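Here the chain labels run A, B, C, D and E in written order, and each chain numbers its own residues starting at 1.
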Amino acid sequence: MNDKKIVAVLCDHGCRNGSKIKYDELKTNLKKSEVIEDFLLVNKACDSGVEFLDAYKGRKILFGGCSLLEERGIYSKIKERLGLKNGEFRSFDVKADLYDLYPDKVNLEELLVCKILSMGTLLYHAEPYEEERIKPAEGILVYGDGITALRTARALAEEDISVEVLETGEQFLSPGLFSQHFGRPDQRGLSSVVSADERRKSERNRVAGFKNVRFLPSDAFLSFETVEDGFVFTFKSGEKRKFGTVVIAPEREEEQSRETGALNLTDLYGKIVCGEPLKGEVVFLLDYAADTSPEVFKDVLLAGKYIKRRFASEVRILMKNAKVSVSGAQELYDECREQGIIFFKYLEDLTLKNNYGDFEIEGTDLYTGDKFLIKEPDILVIPGRSILSPRSKNFAEALELLTISDRYPQPDSLWRLPNETNRPGVFVAYPTGDNSIASLLFSVRARLSTAGIAVNEHIPVVDEDKCVYCLTCVRVCPFKAMTTDSESRVAKVLRTVCQGCGSCAAECPAEAIQLRNLTGESLYQGIRALG
Amino acid sequence: MEESLLIIYCSEGGRKALQKMSSEGFRLPSGVCTFELPCTGRINDVMLMETLQNGVRGIFVAGCREENCKYLDGNKRALRRIKRIKKLLSDAGIEGKHIEMQTFGPDEGKRLYSAINDFAGKVGVS
Amino acid sequence: MKNSKAGSRLEKLLDRGEFVVTAELGPPKSVDREVIDSKVEALRDAVDAVNITDNQTAIVRVSSISTGIYVAEKGLEPIFQVTCRDRNRLAIQADLLGACLNGLKNVLCLTGDHQSFGNHPQAKQVYDIDSIQLIKMVKDMRDEKIFQCGEEIRNSKKAEIREPRFLIGAAANPFADPLEWRVNRLEKKVNAGVDFIQTQCIYDMERFEQWMEEVVSRGLHEKVKILAGVTPIRSLGMLRYMRDSVAGVRIPDSVIKRFEDAENAREEGINFCVEQIKRFRKMKGVAGVHIMAIEWENAVRGIVESADLLPRPNGV
Amino acid sequence: MSSNSVCIIGAGISGLTVANNLVNAGIEVTLVERNPYPGGRALFYGCKASDSCVHCGVCLIREAVMNFRRTHNIKSQFSSELTGFSRSNGEGILLEIETHPNIIDWRLCTECGKCIEACPENAVKIAPGWKYYVDSGCNDCGKCVDVCPEGAIALKRESMRESIHADCLVIASGFKPFDPSVNRKWSYGESPRIITGSDLEELFYTENYLPGVVKKSDCKRIAFLQCVGSRNVTEGGEYCSRVCCAYALQMAGRLKDEFPHTEIDFYYMDIQHFGKDFESFFGDVSRKVNFINSNPITFSVDRADRPVVRYESITEQKDKEEAYDLVVLSNGIAPGDKNEALAKMTGLSLDKSGFLYAMNGMGGVFVTGACKQPMRIEDCIEDATGVTGEVLSYLEERVQVK
Amino acid sequence: MIVAEQKPIGEILKKLPEVEKLLVLGCDTCVTVCLAGGEKEVKVMCSAIRMADKKIGEVTGFSIERQCDREFFKEIEAVVKESDAILSLACGAGVQMLSDYFEGKLVIPGLNTHFIGSNEGAGYWLERCLGCGDCMLDITGGICPKTRCSKGLMNGPCGGSENGMCEIDPLNTECGWYLIYERLKKLNMLQNMMTNQPPRDWSRAHDGGPRKLLREDIQP
């Protein structure tokens, strides 16, 4: 432990019952402990300047103030003035931790002494360190070759960042294409129907135009490894390349309908694009194979409207709930009803008989309350659940991303920004948001910003000779920030990835990992000092 | 302060619940002191056992709600770890009631206050 | 099968192509002769041969060979069982010699249930050899007249070779996993030298028919006699117990539904058994039926009678 | 223009997210907020987690306010509004800001708590994560003025007018909860046992969960009525407000946990899908709540002054009446009352439901958050992050252009 | 690696004699990797014993590199001399070598050593090898039937295997031979399962007596 002892500074909190505290008795108690060298009382720290601390240059400062000092930037002024590095200054909120929590009659002196000793011990054990910022590597890998991926690649390429697009080569049509196909507000007349595939090809040509963009074949990806400033991808050709950031625009796939002879939305879209006549009775059965999401409901309405107008066929939509919470869906829903599309809201007792393609659907309609029976519709569409395509799923598993119900490669916690995954540096394009690409670009730009990524204050430090290389920390870290160092056969932390939560230090069986400025020893001493 | 009770809370959900509790005028009993950690996932069983061993009457851990942890699974890890220690204590003949963990949303001040009082009553701190 | 293997009554009937009926007799968990006597009376002249179980479901009972000897004296032909759970290869060979010495002629080679099913879960298991190796060992002792280690079965170099001769049987479960491997496993047993097979109790008739088709297509039914196993159901609870906690028994829902609607489960159980037997008689390659009436021996006579399989042919 | 500066109208979750992100990117931000505290409307909403978090997003607002408080270089004007907007010769935007300062000056207040004790009307309120402010309950008795050690309280404060210059303007003025008293049918206000979703949110925040009049012990039946003021042209907006199914189901789940013996009925037209894992959430909730797919026709109050709901039950083909201890009208989102004025001032247009409609980035004016369409908190954050991205690229283009 | 699990603390306390000084000795290799007897577990065990109302005077905790190498005991010779009993948190090999090396001292095992196995994930270990001295993994495509089949059969799944699971525990225990069948199908070496495997030579396993491995080429 370095010899620098602690100077404890306390605001007298004139604004609170601070004045009732017997400070001189406090000073003598504190001086007895070997952690605190000197005690200083400040009258209303939020107004007084910071010059009074000049005499204590070179000492570690423990400041007992309140959130107002932080808001008015007084702490940062003190740090600049005395040139204190991180680990030499620590502040704690006396008002919130003490005065607010304890009634007046409790003897606050004793509590104050314990609190100061406890915080002082933590500061005493802390080693000062330079604020470190690491810039991630240059290149960006964009996974997926749908519209979202290509538009992201184009936007990044325009800022002359080198982008490589890992094409999944999955040319199948995924749900949500109707809205891209029909949904444009300036949707042209029926004749010139630009299929989403053509739009995708034209987008791809524009992206290919940029010289700093390269397309990689889909099965090129072999394995993957995280390094300090990004991710090293090994490709089947044996080539290794490093990327600072990975952006996933996952291809979605619609589950095939289990009823043989029924189509799912993707098949229907395929028929429309190649101009098949969809005459006769077309029935959409929603909420049967899976609960329909608003995007799929909007697709069904667009498809129904198109078929009704183009082929004047009899369109029926059976559903449990009309999902109209997406902007523009309610108008579309009313429009469809005006155009004569018949909607049935069915109860649980709906039965579907399927004798080799001739369907019979029977149930009670909630609107009117009487039974309905649909016999042998020409086309039956049962939208399936939209899930990550197998290739995207494998890619997400290879990157060890936490996924929500095999549809969103993101952890099930609010605390990650909209496009963040559980791995810092891997972003996900969020298909449903209107300007999802703009928020994705913001996140990528924030990562590539000139300041670089700040290394977390409580980063783990691995004690080389204690570590038994048991990999518990590698398996436990939710952000995959711990890797192995094969030469020294010891666990190693990736400074840009670690968020400082301390799960590794808590689970390490050999107690070889200690967090910087929050070591197990100092925590234990800090608690002991509390009494 | 031997007869004291220790509250360990995380600087996310735990701190917000404590602030909400104090802003609603609830006060902690005298024999209780608080200690803050970045995340409840940081507590390991050596720290808890040695603190219990030095005579602290009880440890109450207040973490964030499940699925609401800023470090994704810190609170789940802490819940399981404390369950293991309670079992270890009750096997060793010391009732496991000396240590307990509950999860709180950011504005569950009243619930936190009643949880701390029940725990204090159970463990015998004034 | 020109020269007789063991000359047992069961062997003669099988050679003559009769539709054979066998049953099961579980020895008591105590030295209680009356239990065996009552079961023998129930089965006398109703069946051609009787399996004597060996510590069934790993629960300690009177040993199979001694019950076999006792039952033989009472005029029933026993098929004693050998499981590989409790004895290593030395003990099994010694038992085989003893059984032959006392006139037992039919043996059933089983792997045996795991000891965790029975009342001594802490016991050390043996499984020195398994059922297929056991079949080969018994066949080598009979045909090549050698012990498992290769030595000839004679008391000394100069003494006569006196080998134990048995009709070798084994079990087969057409319903266990992996389904497509089950017939290969039967073929392995046939190659090892088994003479007759008793299958696991059958409820899924379609699956059993597929299995038999596969067996017949490979011509195995000529090399081995196959007895179809049935268990008459006494109550709906027993049926559910068999489905949920007895391994290797597959009960289709149609059968469950049938017993749910039946008002008298016992009667329904017997009718179901008789139907099965009638169907087995028409199936190609099924040489007989093995009725496993667990703790319900006196129902066997009723079943055999209504399947008009009485009177049993004499074994001369 | 030495450094770029952005003015943000509204300090709700959207405004705060844009402000916090822009400050991290080194942009000078001026924040104009109508209330005397940041955090917007949802600051006083409560956490609805049952055994685990249901992703309602309230804790993110509190976090955003705390982050906002830690950053220094945001110039904020509370209790003030945008009154003038004009383009200054093509170089940016000139904005008139009018402030009616709150009785407590937030810059001087040190949260010492003395004014709270002194105020007889207890009109001094604490904004979570922020400081003190005086709400409308104050009757200018002046008892708090001399109690304050910082001299932060002055009864009469004349309103100030200030004009600032900014490179671009972000409007995040938020929404207004639909007020059911507009339509006699809901008979809101006639009985204390009929409350709106926003009232229940505040009850969740204060952890009472039920209005005073309803005793916790004898609360046997609660009804949630959906689509109050949305999806119905005559009564309110013609759009679906998207948030009411979310908060109603989440609160119903939590109420069932708090009061297990209560029966909760849920009258709905269509349950809307929300969040990323709706199936598993809906699976749990549907075990706690009984769903009735019909819209109530009328209300009445029985002798024990308990509201009675009369509705047409489809399954039994006749009208039925049910008495409840508490009826919650899940009121939807109505366009903010300032949308009209803002649109006129800034030349934006309103869509037919009254929400602001903007081709983002035209002339340096951006719109984000619930003022452009009904949004949940999670969606607001995502939309605000997106708009921040657009603001940054807009500012970069202007810098290169010069 | 060797996988072990801590005995329930109640059981350990019953075994502990009332002594003046007790040493709790951990081991830093296998039992640390399987989170049973490392330095952290030693500290937790010491605190638990101190808090339990056993009449034990002083409890000291220590952890050495390996308890299966005599040389590492030198470090703790002084401590052992003073203490009256040792609670060893090492695998069976460590406990026995400790009691051989410190002849007169009472050594109490703190762990139950389970099997030679593999780390399948955080907190999940699987038995892979019996140590039978006569490996046949080439025949069964890399899955050991003696270990992974509850009856250690040599010939194919028994009658009790049901949808890939063993009859004794259909929820958790896979049927070893079902896995072998799937593996051999992939390697299209199914004929290995057709041949009637002869009974194994158990004399090379423990049945042939406790085993030693002597390498003259390395002996001093």
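One rule holds in what follows: a contact is a pair of C-beta atoms (placed from the backbone, for glycine too) under 8 Å apart; a residue touches a chain by one contact, two chains touch by 3 or more.
On a predicted model such as this, the values are computed, not experimentally measured, just so you know.
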For chain D and chain E, chains touching each: A, B
Winner on C-beta contact pairs when A-E is weighed against B-D: B-D
Chain closest to the middle, measuring from C-alpha centroids that were averaged per chain: A
Of all other chains, the one whose Cα centre sits farthest from chain B: C
Computed distance of Cα centres, chain D from chain B, in Å: 33
Separation of mean Cα positions, chain B and chain A [Å, integer]: 28
Cα-centroid distance, chain B relative to chain E, in whole angstrom: 36
Chain centre separation in whole Å, for chain D relative to chain A (CA means): 24
Multi-partner residues of chain A (at least 2 other chains): 412-414, 476, 511
In chain E, residues with contacts to at least two other chains: 40, 43
In chain C, residues with contacts to at least two other chains: none
Pairs of chains in contact (touch as defined earlier), listed by label: A-B, A-D, A-E, B-D, B-E, C-E
Chain B - residues contacting chain D, complex: 12-13, 16, 19-20, 23, 65-68, 105-111
Chain A-facing residues of chain E, complex: 28-29, 32-33, 35, 38-41, 43, 119, 121-122
Complex interface listing, chain D residues touching chain B: 46-47, 49, 51-53, 55, 58-59, 62-63, 126, 128-129, 205, 207
Of all residues in chain D, those that touch chain A in their complex: 21, 24-25, 53, 55, 57, 59-60, 69-70, 72, 110-114, 149-150, 231, 238-240, 242, 245, 269-274, 276-280, 282, 293, 314-315, 317, 360, 373-374, 378-379, 381-383, 385-390, 392-393
Interface residues, chain A side, partner chain E - complex: 466, 468, 470-472, 475-476, 508-511
